[in-house]
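One chain, chain A, appears in both complexes that follow, with chain B as partner in the first and chain C in the second.
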Partner chain A sequence: MTEQSEVAENSSPSKLSSFTGTSLRILSGILGNFVVKRFLFFLFVVWIAATVIFIIPRLSGQDPVKEKLLLEAQRGGAMQTGLDEMAKTYQKRFGLDQPLWTQYTNYMIDLSKLNLGTSIAFFPRTVNDIVFESLMWTLGLMGTVTILAFILGTLAGAFLGWPRRPGWLQYVFMPLLTLSAIPQYLLAMILIFIIAFKLGWLPLFGGYSPSTLPNLSWDFVVDVLRHAILPAFAIIFSAIGFWAIGMRGMMINTQGEDYMIQADAKGLKGSRIFMRYAVRNALLPQVTGLALVLGTIVTGQVLVERVFSYPGIGDILFQAIRLSDFFVIRGIVIVIILGIAGATFLLDVLYPLLDPRIKVRNT
Partner chain B sequence: MTDSVASPTQMNKAPSGGWDQFNEERIVPIKKYAVRNPSLIVGLVLLFGMLFLVGIGHLIWDTEMFRPLSTPTRLAPTAEHPFGTDTQGRDLLAIAILGTPLTLRIGLIAGVVAIGLGTVAAFLSAYYRGVIDGAIRSIVDVGLAMPALLILILVRINVGRELSTDEMGIAIGLTSWVFPARTIRSQVLVMREQAYVELSRLSGTSGMGIIFKEMMPNLIPYITASLVASVAGAILASIGLEAIGLGNLSDPTLGMTIYWNIQFSSITLGMWWWWVPPLVAIVIVFVSLFLISSGLDEWSNPRLRKRV
Partner chain C sequence: MVQPTIEETRLSTEQAIKTYREGARITDADALVVEDLSVYYETDNGTVKACDDVTFTLKQGERFALVGESGSGKTTLAMALMRLTRPPGHIAKGSVTLNGRDITKLSDDEMRKTRLSELALVPQGAMNSLNPVMRIERQIVDGIIDHLDDDDPKPTKEELQETVRDLLTRVGLRPSVARLFPHELSGGMKQRVAMAIGISLRPKLIIADEPTSALDVVVQRQIMQTLGRLQEGLDASIMLVGHDMGLVAQFADTIGVMYAGKLVEIGPVEEVFSDPKHPYTKLLIGSLPSLQEKREFLGIPGLPPQLIFLPEGCAFEDRCPSRFEKCQAEIPDLFDLGGRREVACHLYEEEAKS
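Coming up: the complex of A and B.
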């Protein structure tokens, strides 16, 4: 915390007098400063998160890894030798008999090398390997879905907040807004029942047909897309409402602004006022909103993947919880937090580029 | 959404005590408000309607049948078991009657904890500023970047035993106070610059006096709206935790019912009676909380009042 506030003081943009340097230089200087500051904050968040993840098992006074390893060792089996070795390594590096400080530094060094450890349940495989494989599925689905939902929802909200919209729009979109209150995984269950089970139009579960092996053929791509449609719609339906509500509020707020009245008085075309004046200004807080709900989107998707047995991070997380594979669970939590903090950092950095009014920010 | 049409009150009819006067003074303003703010009323009616049904259910139904093996398994709805039974022999009507209030209880506990902590943090932060503000803002900023559900999963894995519903509520509350803290803080920041707060400060009211006598009463609508939103968020988190297998296996909450449904793939077995009731109950809970929260928003933030 002290580190952060010190940094903030040192790097806070000094008052730049308008007559020195071109405005471009000022802008790039502040942006550079701002980027450094945001990046330090990103590191700070990751560090705190990693520390919290380190502390939680120590607070509980239990050692889930050791317990699990003991259990596996008692059961015996083919993995015995590997487990023995692993138990020893674990004891040496993270064992509770080591001084707390040694445990902490070992953990942090591993993390900074992005080494998340070895899975207990799928023993020879590393957590990195497991998480990376499923991450592809999650990112592919989530990227598409988030962008689609953002565009559709923002458009819907823009029309809902526009006084000159056709009257029937309200009756079409208002039920959609209510959908945003329903958790995504419940929509997922309804979609599975109606479209996959009753009508049989789309596959019930999984990321691709169990009989095929992942390859790059056209058939496989179509298969993957067919499997992705239902999970995607489950997320899009409820996310549209969220974006639409935010956008509608912002559009209503722009109505009273002087520039809107002026644009109207100049006799500009309605479509131009709508796109260039109202939507352009209302859009910006939506971008900040994206940064704020990223965590909710990710956790929502984790559960949707669980419902569909989609081979993404959510399904792996569920398997790991069932097998109490502590390192995989920890790895997934770290990767998700890294992802969210990284995306927030990117949005923060891009935001001043989207909004030229933010030239000097002293936050 | 409005079923009732606003009828202009008959002004020439003088209130003559008794029912007429009561009608004029109490009922008519509520009716007028209901027309102006339908989502609040519809939400409240939905929520309390459901609780009313649950209450009746408690009186007329044997809720002990929520335990596994207390009925034959996999029965479609019949007169004897109107909601059918599941693969493990639970009566699903008993589950619905017990689970709905239990899930709401988790949400309420978590919501109260989160809003309590959030409000205290917000006031400390916004009113006293300085070092406290810096510390609280750092915690809030970092907390917002960490999804509560993941932290809860880690905590639950490390506790190593099943949490009771109340413990789960408290745990969810402890991990979800940062968002309300942030939004309430910005409200307090605006408020502390207002003339009446300034006046109160000049006339020598203490910091606590200003917070409790001047600011709190004005913030109560906003805090109530945040509370409702927090309760909804907490219920979402609890059902998420339960659906992923970290709930209390012996509790008949709505989330656990969803968990068993996924576990025994009731959808592909065609056992619609198993997953429809908890799903409908959850949808009603969320839609009613959503409507109440947006209705309260409208009440607490007059700037939002229907300009469109």
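Coming up: the complex of A and C.
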């Protein structure tokens, strides 16, 4: 790099070109930076995905505005006349009457401002508003639950794959592994039936009691937590097994490594060998798994949220698909893409810190 | 470096022996006494006698080499001495007396403290005996910290760094290696780190399990020289496990030959090489290629027996050129021939009695 800029400075007498040389060097330095490279790649992935989801709904040939109006008309019974004009007005309102290319550029401009448009099904609410609200419910529940399940499951797997574990542990963890074989929605229904319906200990559905309005009072927080318990358990129970099985396998692999024998030969304490030698090495693939799962939690657990009528993003996505609400579907899909691409980006940047063998090359 | 001429390379066996020895300091004190040590693996098909009735003594300052082909129980024996035998393997019987204490009787925690501080394992460091996600410094320090007693003063960070620097220098590495990760080192450097860890608590016995495999001959020589120097500096004993007869001849004082889980011959290196007693040792030494005369490679016909279906008599019987009736019926004891020579072969029963 230095050589190139020197050549540029020597060959041209003017100060301007030496300035260009320096700035070029800085620019290529920035572009060469691993993090910047990864970030540009992240933007590229988002752009491709956003373009694909712009095209696909338009290939379906459905007219969301007409669908919505027809639905309203069927419900209301009246207003059969003037449907076409209304449809046209709304299409204009949503910009659907413009040529595809203009629609695409407008969409990209809006997207760059993080403006996801207006919902058709929940008109006149904006997609941003809908997605943001439901995202909070989903992230609050799913984010907590995913990380909890990861920690519990990984610990469980670590102990299960550790030859010197106390013997009784296998009796605790084996049922959990069995539990994880049950699909989450089925587990959700079983939980609802027994705990909410038969015993009546916890609410049947929803994110909070229908009679209350969201506020920051203590009662409301307790209410929300009571509503979150069952969906949380349904997800945790099945996810623990997933993490535990993966971690157990990695722990067993690690046992066979020469450095584990050497750790024992060094006379290290059992706890140190467990944490710093076995778990530390077995954890690496688990972290990759966590990053990918964290990327997808924004989609929510569509089925679980449906079963509990939880007001999360999965529930909204389900309704939006049913009502062909292109804009909400698109908004949610973009959030999913941002989530997954963002998680991958973070993983790429953070992984070298976890595993020194993966080197970042700033060339 | 001046290349040796062909004449110089043609060292006779006698000249080659003791290449790494600067000053012999074998004392009369027993460093390690192994008696009837047996390691069995219980499997569904029966008991695998990986190591059976092994008895030998190591003097303080002695270099003992354990040789034998793959699967003869060398590493099993080395691991059993460290009490690192993993299930389904277990020490079935016997005793291992290290500096006057029977380590098979120690509690797990006492045994843990004994490792590294009294007997250290130098593994095949060129492979992956180092934790890949930990800096070298940390891997050396870990062993030191876990051997501190509760009432010992906690060493400061600077003291530990100083210790690491000193250890690395002693094995011939730059102190800056401390900050590196294992994947940034070459095979020879990793082997040196493994040695630095091994000597960090000044053990009295070093078990070196094939420390030079996977390294080229030039590095092998350097590693063995370093190992020998370290041993003499610590006044420790070494048990070298390996199958490189040339290396053993140059390094060790005493040699033990293993076959099918049993020690079949023990003796001073020079004597075993010049006058092998056991038919297996004879064939083994006869099979070594020689620089002096070019000839066909000689092997030992047949295969070693499966350790799960050992014959009633001598395990080498079906491959032995000098077998007779008794060999098939009875397992030979280790007969003492005097002058620290022992052999497990019926041929020498009379000689031992006289």
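Here, the second predicted complex is superposed on the first by the 266 of 363 C-alpha atoms of A that agree within 3 Å, B and C clash if a C-alpha of one lies under 4 Å from a C-alpha of the other, contacts with A are read in each partner's own complex, and residues count from 1 in each chain.
FYI, contacts are C-beta pairs under 8 Å (C-beta built on N, C-alpha and C of every residue); 3 or more make two chains touch, one makes a residue touch a chain.
This one's a predicted model, so the numbers in the text were calculated from it and none came from an experiment.
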First, second, both or neither for A:57, with chain B first and chain C second: first
Touching partner for A:263 - first (chain B), second (chain C), both, neither: second
Touched partner set for A:296, first chain B, second chain C, both or neither: first
Contacts of A:186 with chain B and chain C, given as first, second, both or neither: first
Chain B versus chain C as contact partner of A:285, first or second or both or neither: neither
Partner chain in contact with A:140 - chain B first, chain C second, else both or neither: neither
Touching partner for A:276 - first (chain B), second (chain C), both, neither: second
More chain A residues in contact - chain B or chain C: B
Partner chain(s) touched by A:206 [first = chain B, second = chain C, both, neither]: neither
Shared chain A surface residues [contacts with chain B and with chain C]: 163
Chain A-facing residues of chain C, complex: 79, 82, 84, 86-87, 112-117, 120-121, 123-124, 127-134, 142-143, 146-147, 181, 183, 194, 197
Complex contacts: residues of chain A adjacent to chain C: 163, 257-259, 261-269, 272, 276-277, 280-281, 284, 354-357
Contacting residues of chain B [partner chain A, same complex]: 1, 134-135, 138, 141-142, 144-151, 153-155, 157-160, 232, 236, 239-240, 243-246, 258, 261-262, 267-268, 270, 272, 275, 279, 282-283, 286-287, 289-291, 304, 307-308
Partner chain B, residues of chain A touching it in the complex: 1, 4-5, 41, 44-45, 48-49, 52-53, 56-57, 59-60, 62, 64, 67, 160-163, 174, 178, 180-183, 185-186, 189-190, 192-193, 197, 204, 248-249, 251-252, 255-256, 292, 295-296, 298-299, 302-303, 306-307, 317-318, 321-322, 324, 326, 329-330, 332-333, 336-337, 340-341, 344
